[in-house]
Amino acid sequence: MTLTVGIIGAGRIGRLHVDNLKGLQQIRIKGVSDVAAKHLEPWAMEKRIEVFTIDYHELLNDPEIQAVFICSPTNTHAAIIKEAAEAGKHIFCEKPVSFSVEETEEALNAVKKAGVKLQVGFNRRFDPSFRKVSKLVQEGEIGLPHILRITSRDPQPPSADYIKDSGGLFMDMTIHDFDMARYVMGSEVVEVFAYGAVLVDSAIGEAGDIDTAVITMKFANGALGVIDNSRRAVYGYDQRLEIFGDKGSAQVNNNRATTVEISTNDHVKKEKPLHFFLERYSQAYMDEVTEFASACLENHEVSCNGFDGLQAERIARAAKRSLETRMPVSLKQAEQPGTHVIR
Amino acid sequence: MTLTVGIIGAGRIGRLHVDNLKGLQQIRIKGVSDVAAKHLEPWAMEKRIEVFTIDYHELLNDPEIQAVFICSPTNTHAAIIKEAAEAGKHIFCEKPVSFSVEETEEALNAVKKAGVKLQVGFNRRFDPSFRKVSKLVQEGEIGLPHILRITSRDPQPPSADYIKDSGGLFMDMTIHDFDMARYVMGSEVVEVFAYGAVLVDSAIGEAGDIDTAVITMKFANGALGVIDNSRRAVYGYDQRLEIFGDKGSAQVNNNRATTVEISTNDHVKKEKPLHFFLERYSQAYMDEVTEFASACLENHEVSCNGFDGLQAERIARAAKRSLETRMPVSLKQAEQPGTHVIR
Amino acid sequence: MTLTVGIIGAGRIGRLHVDNLKGLQQIRIKGVSDVAAKHLEPWAMEKRIEVFTIDYHELLNDPEIQAVFICSPTNTHAAIIKEAAEAGKHIFCEKPVSFSVEETEEALNAVKKAGVKLQVGFNRRFDPSFRKVSKLVQEGEIGLPHILRITSRDPQPPSADYIKDSGGLFMDMTIHDFDMARYVMGSEVVEVFAYGAVLVDSAIGEAGDIDTAVITMKFANGALGVIDNSRRAVYGYDQRLEIFGDKGSAQVNNNRATTVEISTNDHVKKEKPLHFFLERYSQAYMDEVTEFASACLENHEVSCNGFDGLQAERIARAAKRSLETRMPVSLKQAEQPGTHVIR
Amino acid sequence: MTLTVGIIGAGRIGRLHVDNLKGLQQIRIKGVSDVAAKHLEPWAMEKRIEVFTIDYHELLNDPEIQAVFICSPTNTHAAIIKEAAEAGKHIFCEKPVSFSVEETEEALNAVKKAGVKLQVGFNRRFDPSFRKVSKLVQEGEIGLPHILRITSRDPQPPSADYIKDSGGLFMDMTIHDFDMARYVMGSEVVEVFAYGAVLVDSAIGEAGDIDTAVITMKFANGALGVIDNSRRAVYGYDQRLEIFGDKGSAQVNNNRATTVEISTNDHVKKEKPLHFFLERYSQAYMDEVTEFASACLENHEVSCNGFDGLQAERIARAAKRSLETRMPVSLKQAEQPGTHVIR
């Protein structure tokens, strides 16, 4: 059985998915759309893309295409999700679903109504180490969770230009950590308190954002958690986690390109962590699309659905409000009146 | 040159100091006092203590004794400090100085007036790993600090009885971490926000305390920090730290009794962390008294003075208020009107 | 540019190469041959192999095919190399080239005469960690090498049947380590002394082989080395190396599937090493064929040539003689009169 | 109960024992002798040594002294052991007992006849990590041992002068490793083969010794082993061990002064191993004398007796013969006719 797909958006992440999907026997990439299609012609030729178009509606209208990957800018996600759902396509959407909880709720309702599948691109859930810890926690290996610690630091900050349209640190970067927190804890975040600072690049501050943060969380199961973020760790991409419970603790450490250790008259040295997300999560990126394909073909649940996308956004919004008000914010408070999705 | 000392209080920590001091050539232990002196006679005999008394004033009145170690219950510290200072004795006082910032301020003023030395027993500052990190930060090896993370978990909770007179988690246990935060950051804490929970032992909750906490901090230098505490880590005493700056990061990990690693068909296993503070900080306990002795004999500054004791208490008080009010508390807010010590 | 190839032998390793080569844009697999072609029809169908034949001469006679991968049993390698060389095909040959140094010399002479490329399948040279150490040594990072230690243990022994046709431990298993020794040391082995034992499986002893060995080596540069081998390590595939020199030491440790570390009241546990060569060297298997393809297409030297294959066999032969004679054997002694290849 | 002791020889190791013994309540140091007593007067004063003499017979003749520590040059050990035994003193003797297996046998016979205790100073047996591995092996945790690997490298070579009277690398340095091999394997060495080289310092070669060695061993239980030695590891004292069996493997790694790990934009760095034996084995030096004292006072077996000293010397002699003859040497061959001790 083969799943015929279209890719909407051929930026860095769209092109990554194209490469990964081409390696899967159960996938056929029929078409790719991008607003800069002209510019990308040579790439599309090299990749032997059958249909390459500037207009994603061409993909949505193609009856052969069963599923679409939405890799366009975040502010277009919700609208495309609604159109794709109405066209009866299964959907893989990059994170976040939108910058607005309400928009996301609307999009999820469209998905629900259409009965199609929606997977949100929280790639880290597919990392072998994080996945293993989530499973260990679920199986009770560490007992009842008490404390969760997530460290998540990028090797270098994006440009101030990027920052402006990013939705802010919590919606752009920490959103992965908020999802990870729910994923390994197996319980919802009920309250957050955020400290933020501009320590890496003053241009980020001028763009109205922060580049350093420490966010504490309370979970529904009574556990406490903390995330620390930085936009720049000089030693590389820092992605670690520890979950501590009444029977023990499980940790995930950074991956390195080699295991080489060098002893000199100064120090014993090993390699820095893998540089950034493309290196650290290369396997995870492959596994998330493989699982999406099999969820579509074999009609089972996706591992990371629209509700997961929505909850991460709600936590991000609460964190932002906490930063602004300098007060802890409960998730109930963070939800403004509006349409609600039932899980 | 020899420093003649008296020990006030022969509980666990007092007896530990006796053993350590007996190994130092520059120290002569003249006397020990304890309210339960009767009970401790055999111990005092075995240790060949010259003067063993129920009344510490006997030590304060002995002109040969140049310095006293205050190892009695916390609620007696401030009063004894004042008497000892007036008697012209140098003072080594176990932490915390008192349960009240005001009492501590009063005691410090007495010390200041008498011109004697006061060292507070923040033993962790003398741990070779923490000391090295503090030095590295001071020398700029990690650049400007951005984020501090401290994990501090005990292997088992104290009895509910102990809890009642402990001053609460922040004053009893976290106070070490507050001091450590100031020590490695080289900057004052200006605001704290605390989450607490009772997850380990409901008896602790019934005694009005918490057993699990995550406390975030803002420092005067703009950096952010977080401490996580638990009264029970089944795998042993967990004492780790990481300080992250714009040039790199320095971490301290747990010590283990041996380096043995065993590979089986199940797992690769190594030893748990050293069990508790007596094992983990055995070297630090020795080094703190060695340094106190040389500060007294050679008349130089102690590494950890009364102001350090006071500041840790102020942070503990602010954290407690944060927990009660569910709001961040600035250190200024936390200080109630009263006598103030000038640093 | 594309390299059109044929695969001779579709056993485990032949099928692995097919999968890896199918992922390379610069490679076109035209045909595969196997003596059990009938049996493998379904596999060939699934893989959409164009030409699938019982007779490898069909591939050698195909003018479109530029290079062949020899993955048939070792006792057929030398003859096929000669035929392929005469047919003007570039050759990738699995290790060892043959069980006889003389046969290997003959085959290499045919390759030399034909002017085609020959790469020997010492996959471990392409492992990122070993490759890095080889480079570090070459660049002088550890100074002049003094001592080399290689640990190489399989997770489980092959069947006694396999053992009979394997050429013995040194030719079948240690040959990889002999090649690794030359590769990281950058110097030839001049003498070996071997201890062997049957400790894992008495059936291996009955088949005339050993399953445990410690082999010491002298190198032309004066350095000393040791390899230890076992046919069964219960904790998985154990592939480690250390090279020690006058400026320092470089180590390679085992790879693990995840970085997860679990602390319990018993132990701190991490994962076992990756199970076996397919897992540990998955990247290396991909990289060796990628490099062979580019050596053919861009006409540059292969990283691991026939001489490398020959030298590893010479060391294996010397080690075997040492085991038999219970004496150290110099590589000169180990070479019997016969045809010689000039490097 | 107190053991009254005399120390013969106040060089580096004698003075170390004095310091350690002074910390033990069950020991009274009555006297110290040294041929350079004049020169050492100030040290003896500072340590408040009761009897300080140039002539060790004064100690042997003192009826109060129950045990002596022989810390004089190796060539005096055997004669002093005999005199001490005849004087009825228990004996702690630094390693090696002598440079000649025959002399050692004679000394052991004197000890046997006198019925006194003799402990040989193989301090590494008391290292917590090595001791733990020995125990694990004995308890069957790794199953039947198959392969033993010992790495033992000094941080810097001794002077050529020292080398001349050292007895050679195997008798001076490797002897510790030979003892360790027997200790963790729990089985006798039956054959050795040694490779040696002069790679560190040509002056060592000129003094007739080697500075680098790889020695392989066969054990009575069928296992194989290897020791690698260097007189200079620029990164510090390198003392590691691995024992591999049919149920698993146990490793000992180097100890470091702190657990600090620093991540920079170049590397992740940790501390070098502890500098040398005084640092690495500080605990072991304390524990060996504590155990000797209790063996004497409570009349139980010492952990490391004369036979252990003798066997290590026999292996060292066989290794030396192997190096000279370039052949493997069985322990039987290595024993020349002469007096034999029955175990």
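In this document, chain identifiers A, B, C and D correspond to the written order of the chains, with residue numbering beginning at 1 in each.
Here, contacts are C-beta pairs under 8 Å (C-beta built on N, C-alpha and C of every residue); 3 or more make two chains touch, one makes a residue touch a chain.
The UniProt protein names, listed by chain, are A, B, C, D = Myo-inositol 2-dehydrogenase.
Predicted model, so just to flag it, every value in this text is computed and none were measured.
Chemist: Write down the chain pair in A-C, B-C or C-D that repeats the interface of A-D; the criterion is over half of the contact pairs matching by residue number.
Modeler: B-C
Chemist: Counting C-beta pairs in contact, which comes out ahead: B-C or A-B?
Modeler: A-B
Chemist: Could you grab the centroid distance between subunit A and subunit B? Build each centroid from C-alpha atoms only and quote it in angstrom.
Modeler: The separation of the two C-alpha centroids amounts to 42 Å.
Chemist: Report the inter-centroid distance (CA atoms only) between subunit B and subunit D in whole Å.
Modeler: So the centre of subunit B lies 41 Å away from the centre of subunit D.
Chemist: Using CA atom averages as chain centres, what separation in Å is found between subunit B and subunit C?
Modeler: So the centre of subunit B lies 59 Å away from the centre of subunit C.
Chemist: Could you say which residues in subunit A touch two or more other chains, in rising order?
Modeler: 233-235, 247-249, 263-265
Chemist: Going by the touch rule set out above, what shape does the chain contact graph take here: line, ring, star, complete or other?
Modeler: If you draw each chain as a dot and join those that touch, every dot ends up joined to every other.
Chemist: Going by the contact rule set out above, which residues of subunit B touch subunit D in the complex?
Modeler: Within the complex, subunit B touches subunit D at residues 23, 128-129, 132-133, 136, 141-142, 247-255, 257-265.
Chemist: Along subunit D, where are the residues that touch subunit A in the complex?
Modeler: It comes out as residues 233-235, 263-273.
Chemist: For the complex, which residues does subunit C have touching subunit D?
Modeler: Where subunit C meets subunit D, its residues are 144, 146-147, 149, 151, 153, 193, 195, 197, 199-200, 212-214, 216, 218, 222-226, 228, 230, 232-235, 238, 244, 246-249, 326-328.
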